[in-house]
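Each of the next two complexes has subunit A plus one more chain, namely subunit B in the first and subunit C in the second.
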Partner chain A sequence: MTVVASCVGVLLLFAWFTPSKALYFHIGETEKKCFIEEIPDETMVIGKYRTQLWDKQTGSFLPATPGLGMHVEIKDPDTKVILSRQYGSDGRFTFTSHTPGEHQICLHSNSTKMALFAGGKLRVHLDIQVGEHTNNYPEIAAKDKLTELQLRVRQLLDQVEQIQKEQNYQRYREERFRMTSESTNQRVLWWSIAQTVILIITAIWQMRHLKSFFEAKKLV
Partner chain B sequence: MQRVGLLIVTLYAALIGGTELTFELPDNEKQCFYEDLEEGAKFDIDFQVIAGGNYDVDCFVTDPMNNVLYEEQRKQYDSFSHTAALKGVYKVCFSNEFSTFSHKTVYLDFRAGEDTPLLPDMNRATALTQMESACLSIHEILKVVADSQTWYRLREAQDRLRAEDLNERVSFWSIGETIILFVVSLGQVLMLKSFFNDKKTNVATST
Partner chain C sequence: MAAVVKQAFVWMSFVAVMASFNQNRDSELTFLLPAGAAECFFQTAQRNGTLEVEYQVIAGAGMDVDFSIFSPQGFQLISEFRRSDGVHMLESTEYGDYRICFDNSFSRFSEKMVFFEIILESAANDDGPNDEWAGLADPENLLEYKLEDIRESIDSVHRQLERSRQMQTVLRAFEARDRNLLEDNLWRVSFWSCACLVVMVMVAITQVYTVRRLFDDRRRVRS
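The block that comes next holds the complex of A and B.
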């Protein structure tokens, strides 16, 4: 029993912090990398990152370097900053959306020692989980004392809830799309009429002006 | 102690799962993503261009030996599956180098390895009860539903951005055309008047 408990404990620790084998990319010193997450409201997003620095001496990427931090900035669909924090070389950030739409997650390095960055390349392992993927099922099972079957059903419930939220968001987006299309339709209609009217008025003005001009010059 | 070790190993092996990322690719730039894979690991790559220019991007995938596994020019969306023959770092690159001024928004879905098991000691080899296998099939179907929703969300985003772009262009050009109309009609009248004024003075000087 204690072995199982310690296993669960160790797992929770690992699940919390490190994206051990996530997708990684390279980022320059002053470079800012932004990712967009289009999510419905009341959705939780957990992002985990791990950095490695290029070491010229060994010619490889060294694991976690102290003094090398990453600044994480998260903006909501109204471009309002909802999170702007400095994290260490390994970090975990989390936020819950309150408005549906495109949230922007930006990362840039904020090294305290410029010398560290002489190689110019920083490797960032990034893992972003959204919605029901953020749930830590071993933790939920332990907390609510659920059997395996109950846990599976709980997972299905979470999945269905997320699908429902996404569908509500889809309805909201379709409405926006429809309003944009109707606005375009109106604009095309009114501007066509307006331009025809302006054209006719301008033509009439031109003829009258020229007629009076020619009459003045005694050509007509 | 052995059990702890085994669990940690299975956790690391199974934790690959999948990563979905939507990122912006500025013009004349290339963005690469890398993933460390075991031999025999099956991976799927889905990408879609959501916004920008002609909604197309160059994409190529290379294996640890720098052999090109997949290469496409100017694709709007595509899907690529492969089983890793070698252990090492696989690279997925997107290039917008052919574009001079439009930056693209690209959605990438990289799925590799197995899904993380729900509980650490859920061993797939043991037989499942009817209830458990029913739950498992519902889970798989719901995953398909969620993927389908993501697909539609991306298509809708692309269409909506095009519609908003069209709306802006209609306003801009309507106002532009009205101004051009005024300028041209005024210009015509003034030019015509100037012809007759010159001719008058010419007539006056010649006589």
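The block that comes next holds the complex of A and C.
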């Protein structure tokens, strides 16, 4: 029994080490990397990250030591900080947007010891899921007691709802865009007229002033 | 016995976490690329699959960036200079980490905001929710073969909706780019109009003053 369990454990251990399909990038020690997510309001965002450190002895990337963590800071479209927390070497952060717009997700490592980064860089695997991709369907099925077919239909409904939300947000964005465009147009028109008027006034002033000056100096 | 079960449970939960991490096939990110810097992202791809990369520069003075993709062996597969957007479909012939790089070193002062999307498709058809949810709840055995058809059409709808979502993301990036460009324009128009006015008025005053000075000096010279 113990042999079987340990075999299963070893197999699962290999599963842990299989490379993840998520995107990864390298980050320097004091470097801060920021990502921007433009999302409609009342949308949930889940971010998962995994860090690996370069190990000179084995010549490969190994999971980072528990002491090394990442600081995650999230700002809403009004540049107000909505989340600022320290997580371990593997972490998961969640937030829900209350205003539509560009949210900024910033990551930097909390490492203070330069020696830890002797190899150079930290490898961070990052996966950010937005909207209905954050739903945990097995959990929903268990909670609402849905069969597989019902669950699939529920997934389709969630997808369509998210698309609708995005479209509404786009409509609102397009309206603001149109207003900015019209405001620019107005400004260009008024500035041109104002400039022409000031130019004419300045010319008239110049000529009158010089004329009176010459008359005063008895040249004319 | 209880300890063994507990240990197995711990390992299973680790695998569950990793499995949930592994399901991701599409990633999209928007990030700021500082002036004179380069950023690279790595994506693992399977053999005989396709990798589709779509990118757009949505803010920044020149609205362009250098783009390149390197294979796991280090060969440069795609190289583009100073483009504002692009779409590339690659056949991932080898398993490994493909490197996707954005380079802004040609620009000294302007930082760029770049949006990119990676869509992976493996040769073995997307299992989708099929395998994940098998055995979730009791299947309706009586209608099983008809159920397969329904299942297939739901799967197809699911894939189409994912595709529409991706298209929406692309369109959103285009709109964001146009909006940023317009806002820059507005600022530029206001600034240069003010500058023009100030210059005009200064020139007028200088001209008048210079002419007056000319005559004042001559007067002094004569007398």
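Some notes on this structure:
Going forward, the second predicted complex is superposed on the first by the 196 of 220 C-alpha atoms of A that agree within 3 Å, B and C clash if a C-alpha of one lies under 4 Å from a C-alpha of the other, contacts with A are read in each partner's own complex, and residues count from 1 in each chain.
What we mean here is this: a contact is a pair of C-beta atoms (placed from the backbone, for glycine too) under 8 Å apart; a residue touches a chain by one contact, two chains touch by 3 or more.
Just so it is clear, the structure is predicted and the values come from calculations on it, not from any experiment.
Once the two complexes are overlaid through subunit A, subunit B and subunit C clash, as defined at the top of the document. Contact with subunit C, but none with subunit B, is seen for A:48 once the two complexes are overlaid on the shared chain.
Legend: residue contacts after superposition of the two complexes on their common chain; A:147 is shown touching subunit C, with no touch to subunit B.
In the superposition on the C-alpha atoms of chain A, the part of subunit A touched by subunit B in one complex and by subunit C in the other spans residues 8, 15, 19-26, 33-38, 126-128, 137-138, 141, 148-149, 151-153, 155-156, 159-160, 162-163, 166-167, 170, 173-174, 176-177, 180-181, 183-184, 187-188, 191, 194-195, 198-199, 202-203, 205-206, 209-210, 213-214, 217, 219. For subunit A in complex with subunit C, the touching residues are 1-2, 5, 8-9, 12-13, 15-16, 18-26, 33-38, 48, 50, 125-129, 137-138, 141, 145-149, 151-153, 155-156, 159-160, 162-163, 166-167, 170, 173-174, 176-177, 180-181, 183-184, 187-188, 191, 194-195, 198-199, 202-203, 205-206, 209-210, 213-214, 217, 219.
Residues of subunit B that touch subunit A in their complex: 1, 3-4, 7-8, 11-12, 15-16, 19-24, 31-36, 105, 110, 118-122, 129, 131-132, 135-136, 138-139, 142-143, 145-146, 149, 152-153, 156-157, 159-160, 163-164, 166-167, 170-171, 174, 177-178, 181-182, 185, 188-189, 192-193, 196, 200.
The touching residues of subunit A, when paired with subunit B in their complex, are 3-4, 6-8, 10-11, 14-15, 19-26, 33-38, 126-128, 130, 137-138, 141, 148-149, 151-153, 155-156, 159-160, 162-163, 166-167, 169-170, 173-174, 176-177, 180-181, 183-184, 187-188, 191, 194-195, 198-199, 202-203, 205-206, 209-210, 213-214, 217, 219.
Of all the residues in subunit C, the ones that touch subunit A in their complex are 1, 4-5, 7-8, 11-12, 14-15, 18-19, 21-22, 24-25, 27, 29-32, 39-44, 97, 113, 118, 120, 129, 132-134, 136-140, 147, 150-151, 154-155, 157-158, 161-162, 164-165, 168, 171-172, 175-176, 178-179, 182-183, 185-186, 189-190, 193, 196-197, 200-201, 204, 207-208, 211-212, 215, 219.
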